[in-house]
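What follows is a set of structures for review.
Shared between the two complexes below is chain A, which has chain B as its partner in the first and chain C in the second.
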Partner chain A sequence: MKLTKTLLATTALTVAAGTAVTAQDMADSMTLVSWGGAYQASQVKAYAEPYLAANPGVTITWDESSAEAVAKLRAMNEAGNVTWDLVDAVASDSMRLCDEGLAMELDHDEVLAAAPDGTSASDDFGDLLVSDCFVPQIVYSTTFGYRTDLLPEGVEPPSSICDVFDLAKYPGKRALQKRPIDNLEWALYCDGVAKDDIYPTLGTDAGVNQALAKLGTIKDQVVWWSAGAETPQLLADGEVFMGSTYNGRLFSAIAEQNQPIAMMWDMQSFDLDGWIVPAGLPADRKARVMDFLKFATDTQRLADQAAYISYGPARDSSASLVGKHADLGIDMAPHMPTDPANAGNVHIYDYEWWADNRDDLNAKFQAWLAQ
Partner chain B sequence: MSDTTHTGPVLAADGTPLKRSLRRALRAQKLRALALIAPLLIFVLLTFIAPIADMLFRSVENQIVGRTLPMTVEELRDWDGEGTPADSVYRALYFDLFLAAEGKEHTKLGSRLNYEESGISSMFRTTGRDVDNIGKVYQKAIEKVNPAFGEGAFWYDMMSGGQGAEGNETLLSNQIGRLEGLESKTFKGDIGFVPGAEIYKILPNATRAYTAFAAFTVFMDEDVVAEEDPWEAVYPALLLDLREPATMAALAGYQGPGAQELRDLAAQADTLPPVDLKAALVESNEDWLRTEYWEVIKTYSPPYTTGYFLNAIDMEKTTDGIALRADDERIYGILFKRTMFMSMVITFSCIALGYPVAWIMSNLPARSANLLMILVLLPFWTSLLVRTSAWKIMLQQQGVINDVLVWLGLVADESRLVMINNQFGTIVAMTHILLPFMILPMYSVMQTIPQTYLRAAKSLGANNWTAFWRVYFPQSVPGIGAGSILVFILAIGYYITPEIVGGTTGTFISNRIAYHISTSLNWGLGAALGSILLAVVMVLYYAYDKIVGIDNVKLG
Partner chain C sequence: MSGFTLTPVETKPLSFALPVIGAAGAFVGLFVGTAHGSGLMGVVIGAIALMALGFVALKVFGLGMEKTTRKAMIALFVVIGWLVAGLPGLVLGGLFGWFFSWFIFWIGEGRYRANLAPYLTSGQVLWHYTFRVICGAIFIFLITPILVVIPLSFNAQNFFTFTPEMLRFDPAGYSLKHYQDFFTSSGWQQALRNSLSIAPMATILSVGFGTLAAIGLSQPHVPFRRAIMAILISPMIVPLIISAAGMYFFYSRVGLQGTYMGVVLAHAALGIPFVIITVTATLVGFDRSLTRAAANMGADPLTTFFRVQMPLILPGVISGGLFAFITSFDEVVVVLFVGSANQQTLPWRMFTGLREQISPTILAVATILVVISICLLTTLEYLRRRSERLRGLSPG
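Our next item is the complex of A and B:
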């Protein structure tokens, strides 16, 4: 075991090169891990800069490794040398990290700030606290955008998720994410399965085949993406007529880059992104991180983030504080996935169900793709 | 003339045999050489070979089941695979799961077993949440009879057998060992508690459960055993012991601490709730009744498994032996074949495109050859991602090539060619990216072939083709060999380019390995796939050595 640890320590050192944090009596530096790009920039502006202003002498190092966070954190943990202090992760990853004992379990009411009106943190976040290790920041959604100028003449714009499957009415390629999650649910929904029956149906072999058969009707018209930036590019180049991606990506293509693209919110798939604290941090670093976490997830800070990116704050109490875009000056509320006008018909993806069935369905999905 | 007749070993000046003295001198030299390369050797060993070996070892390692559920695995050995296991298995499971849940290790096991059968992870997760409550029922009932049973100090006295009582060290070290296995750590030192030998004979379950609690309290919580109230798990354990017919008689003669309380409790045992841990576990999650889940636990209970390797070749382990996976789950065979095939196509395209370039470069005067060399190296110095993305823009349906073809009228606007997100796109992009690895060794070999050979062949009457094929080409084969090995080995491990331009039909096995390492966290399967890939490369290398001969490979 000891040998393994030394070996892995060297591996983890290579993995985490440059992010090593030396522990001091009271940690005045921390390493935050996020996704890079516009999203991380919004966190720097809304959370980190005000925190640093209030706590001079603290330094924050950013690491853009969230996409590989689960694997890296596991390697660091096995090596006994966790160099990260706070990690941004999507909800399903946070559950996996919690299951693996890699993330610390938190008492949300104790470590998080209450809402301004005194509502406890656990009530303020409500159902979004999907795991004991997870502190949600934003609600984002995977939804569709389409090219307004490629719409066939005299046809009304697509307004239902099932228009994705309607090649006769809306010819052209579609971009879908190269994973079973969301796609199988949408396929079943458009094959006439009631929303409440989607997961029970998907739990059977017949249900999986039904979903894949429905997807099969558009398979040769699908471009499969694996990075969120691909769909906006495919749409901008006119490679696809419509495609799914994260709503913030579409917002930036539409509002910031003025592309002829429009949103279609029907059956948008809600997902969460938030923080986890790695398990087993030394006391001084943990104290610093908890202090930051409490600050960065309070009502005002979450609402501030929405000024930089079109993702909805995870707290109920933040919704009313969402203002205008910092640069464009447009009202952000109508661009939020959580806005009532957009959230008429949403798909709530079942984390627990997918945690159980992901491995199996992924094998089936990949085999289906390869055929 | 004595030295001419001397038949013994040749002696050095100092009288030792020359052979030995020579060997000593050489050894010193060798050691010095070794010391010089030692830093590099240690560096490579520690940062490269050892981590890879460790990773490959994961493809067979499977100790987590036996370490998390040691008693269950033991009890399960006698199960015939029909229906549900015996009650004793569930009982063992409860105590195993309780300790695992305290250490938060049960969910790890759940996700491990979930790779084999969907749904196991939530079974462990939900039941892990409920194990505390299962014991609480009995705790409340027992405390109602006698509140003393709720006190930590009382339990400590009773379980240690009081001051100076004979202790059972074996039980203690067994329980510490169980905790060590669970946490993959070593624990040393006195825990301030030794289970009493006498009480263990009378109340085996309760003493064992309490000892596990004591070890956990000291090593994991870093508290003092005597000051802590025991876990909920000791109460059902105590009741199980008291229900044994022999316990009553054994208690009658017992004089240690808590003897009277135990006798009183035993007398009222019938009024206490029956201990049915199976029912309690099933109530928490009825999947504990599912035969196929138990089969998975049993199949994967040995510390080492071939399961990952079987999964990697589209097979699976069942209780009836090894079977092929269902049709719609077979993927790795396709991917391995595709990876091999496409890597070969890429290697051959590189040869076809690279050979003329290398030939021209080696025949041009130095100045123009250098210019060409820069043209070869320029893409080599450009980021891999940039080159791959550039191909995307070139090849896509609204891309440069299609636009030109449409503009020339060669292709109708509605039927633009599909050249990306398929095998074609992957082959084009990877051939381009790997081309320098083919050209450079070819060039350096061709440079050493004297021009005069070709001229000599021609002056002896060979035509252009014969001169090339019979004289020049055989001498350039070592360059082709070196380039092909480089390109092929790089190609089968390629990951980012197929991911970006490969679509569904152009992805490689490495994309799946990456998925298992970073997304599904099934490192065992990832390691098995990687080991197979490594083995295939070695076999091909061996075949190459047999057919072409590795001495024929030259990098210059």
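Our next item is the complex of A and C:
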């Protein structure tokens, strides 16, 4: 009798221990790194809150440091003290981190959930898997917004990227990002270079000078920005007539803040944003992060995020699930950069070309700015 | 105005008064004109308008009708301001009218000499007032950025913009929603809690170590006093980013990076120099014969310290502590390196918030911090005066 009890108790303990193993293997806290603002808020709502509801006892700390993710991860690696568990980064930063061995290489089909219809993750994300370390979340674009009330009377609203360079028709200041990427391509395109010839042209000194000369025609009317929040601020102030920024920021200013601003989607520049896992995490933290990553990048979660911000989900299977804005109740699909009505003429920026030429062109661009 | 005059006042000739008044008009016109697109036009219009007003006031109406003239002039400016820019124009117009009507008579009647010694040359009189204007301009230059933040923090919109509603003083243009955001957002509240738990702890450590160091270093028999002092004060002199990077790598090795204690220690190191400097300064006025007298009466060194020395240097200790507190409370560079996301302080959040999301919540926080800083500095000033008073009473 006594023996039986002991045996039973032991078995019960073993069973309990057996089920507890997986949970014990996972750390119960995570530090996620993102961009702050409305974008991070959408991640909290769509990814973190449902995950925490399903996993009580886990805590998530957010660090708004994505802007300096590369530098900080390098320093952490050097100090042997990686405190981040999952980092939101743009595609180009992810590729750099992957090349430097600071981000973990992932087998996408193994660590990510398949689509509901069984399509493998790598097919579902398709071409957007630009790096082995990178799990894309959203497609965003850098595009233009303009003040509808500052439009000269009797002039039709700007509809072409080249209107940015047309000071006679659309007088007023423009806000452009303080970097060569996108700006040089737009300048060449509006200087008559065919879309397919943009990168070959930019590869020559004469091409760079041509692009800078075109930008030079509006240089004294340009306000250069470096943080995504600046252009909406400048537009709201009426400091600039039109300006480029991330499309979600413009959506927020237009739909949520009711500013007299309208979108101009022509030649919008697509880019990707997604997660990377820092290399060298201890096993328990890695297990927790992988669990979260699988959950947060499944088809439904990516579609949910689009209810809070106008960025397109990176999975094909999420597109049909995009619904209405969570608070405003407006249809989100027409505000997505990937919507057919908006994506008529887009600029696909060449990651590899820029990876090779970035430092060189950055130096030239900065020198030109200082002239 | 006091009835007491040093120099008898005499009416100045118009050939002197009008150009001076015109120059003042041109100066103001420069700002108004620049705001409306043409500085030159502003200068010309300002100068002509003011000279005309000056002529009318001084020559046509004259001293006898000063009160009426001044009232009429203020009314004129108010009406013009109202027509040009509505309610804010009315307020500004009133201020300008009040100032210029006073200025015209002040110059025209030569009142500016009344409170100065009669033997001063014109050059000296000119410098006397120029100096005050320069001081005022510097003061405005320093204070305006802080003052602009305060009304913007009551903005009803989510941008750093004076909206037309705000400029019309329309209540709909103002709101407390950014304050509400600050007090209800868990992120900001966590940051506030972090700041409030890190700063006092760092202050206690700074005050403890700093006071002991200052007392030790003020003993004449300590060897290498100057060298030790220089090393202890170095966190104040070395660029912050260098201390921060050094601390980051060192703390990472010893496991302090990203911990509460790590941030507290780092901030204590930054605060110690302030305590050392203020306490050392107070100790200069401390009479050593008091400690000898205490010893003579049988007190051991510890009792002497707490019963005799401490009460006298307390103002220095407290003001050093306040500086240490503000240093920790305002610090962003070191905490970005040494802290982790769990130790986000208010300045950290303001810094990242300003970069990623230009939200007036930051201005609301800034306003709250300005108010707190003013309270702390008022306390500091009060203590400084008390210390001066006490020092004046103490022998030696």
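One rule holds in what follows: the second predicted complex is superposed on the first by the 346 of 371 C-alpha atoms of A that agree within 3 Å, B and C clash if a C-alpha of one lies under 4 Å from a C-alpha of the other, contacts with A are read in each partner's own complex, and residues count from 1 in each chain.
Criterion: contacts are C-beta pairs under 8 Å (C-beta built on N, C-alpha and C of every residue); 3 or more make two chains touch, one makes a residue touch a chain.
Bear in mind that the values here come from a model prediction, so they are computed numbers and not experimental data.
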When chain B and chain C are modelled together on chain A, clash or fit: clash
Which of chain B and chain C A:V277 touches, first, second, both or neither: neither
Partner chain(s) touched by A:T83 [first = chain B, second = chain C, both, neither]: second
Touching partner for A:L184 - first (chain B), second (chain C), both, neither: neither
When both partners are placed on the shared chain, which of chain B and chain C touches more of chain A: B
Which superposed partner A:A363 touches (first chain B, second chain C, both, neither): first
Partner chain(s) touched by A:D237 [first = chain B, second = chain C, both, neither]: both
Chain B versus chain C as contact partner of A:L128, first or second or both or neither: neither
Touched partner set for A:E352, first chain B, second chain C, both or neither: first
Where chain B runs into chain C (options 402-410, 420-428, 456-464 or 528-536): 402-410
Interface residues of chain A shared between complexes with chain B and chain C: 67, 237
Contact footprint of chain B on chain A as seen in their complex: 1, 4, 6-8, 10-11, 14, 67-68, 70-71, 74, 96, 98-101, 105, 178, 209, 223-224, 226, 237-239, 352, 355-364, 366-370
Chain A-touching residues of chain C, taken from the complex the two chains share: 157-161, 187, 248-249, 252-253, 257-258, 340-342, 344, 352-353, 355-359
Complex interface listing, chain A residues touching chain C: 31, 33, 35-38, 61-65, 67, 75-76, 78-81, 83, 227-230, 232-233, 236-237, 257
Touching residues on chain B, where the partner in the complex is chain A: 46-47, 50-51, 54, 104-105, 107-108, 110-111, 114-115, 118-122, 125, 184-186, 328-331, 334-335, 396-399, 421, 499, 503-505, 507, 512, 515, 517-522
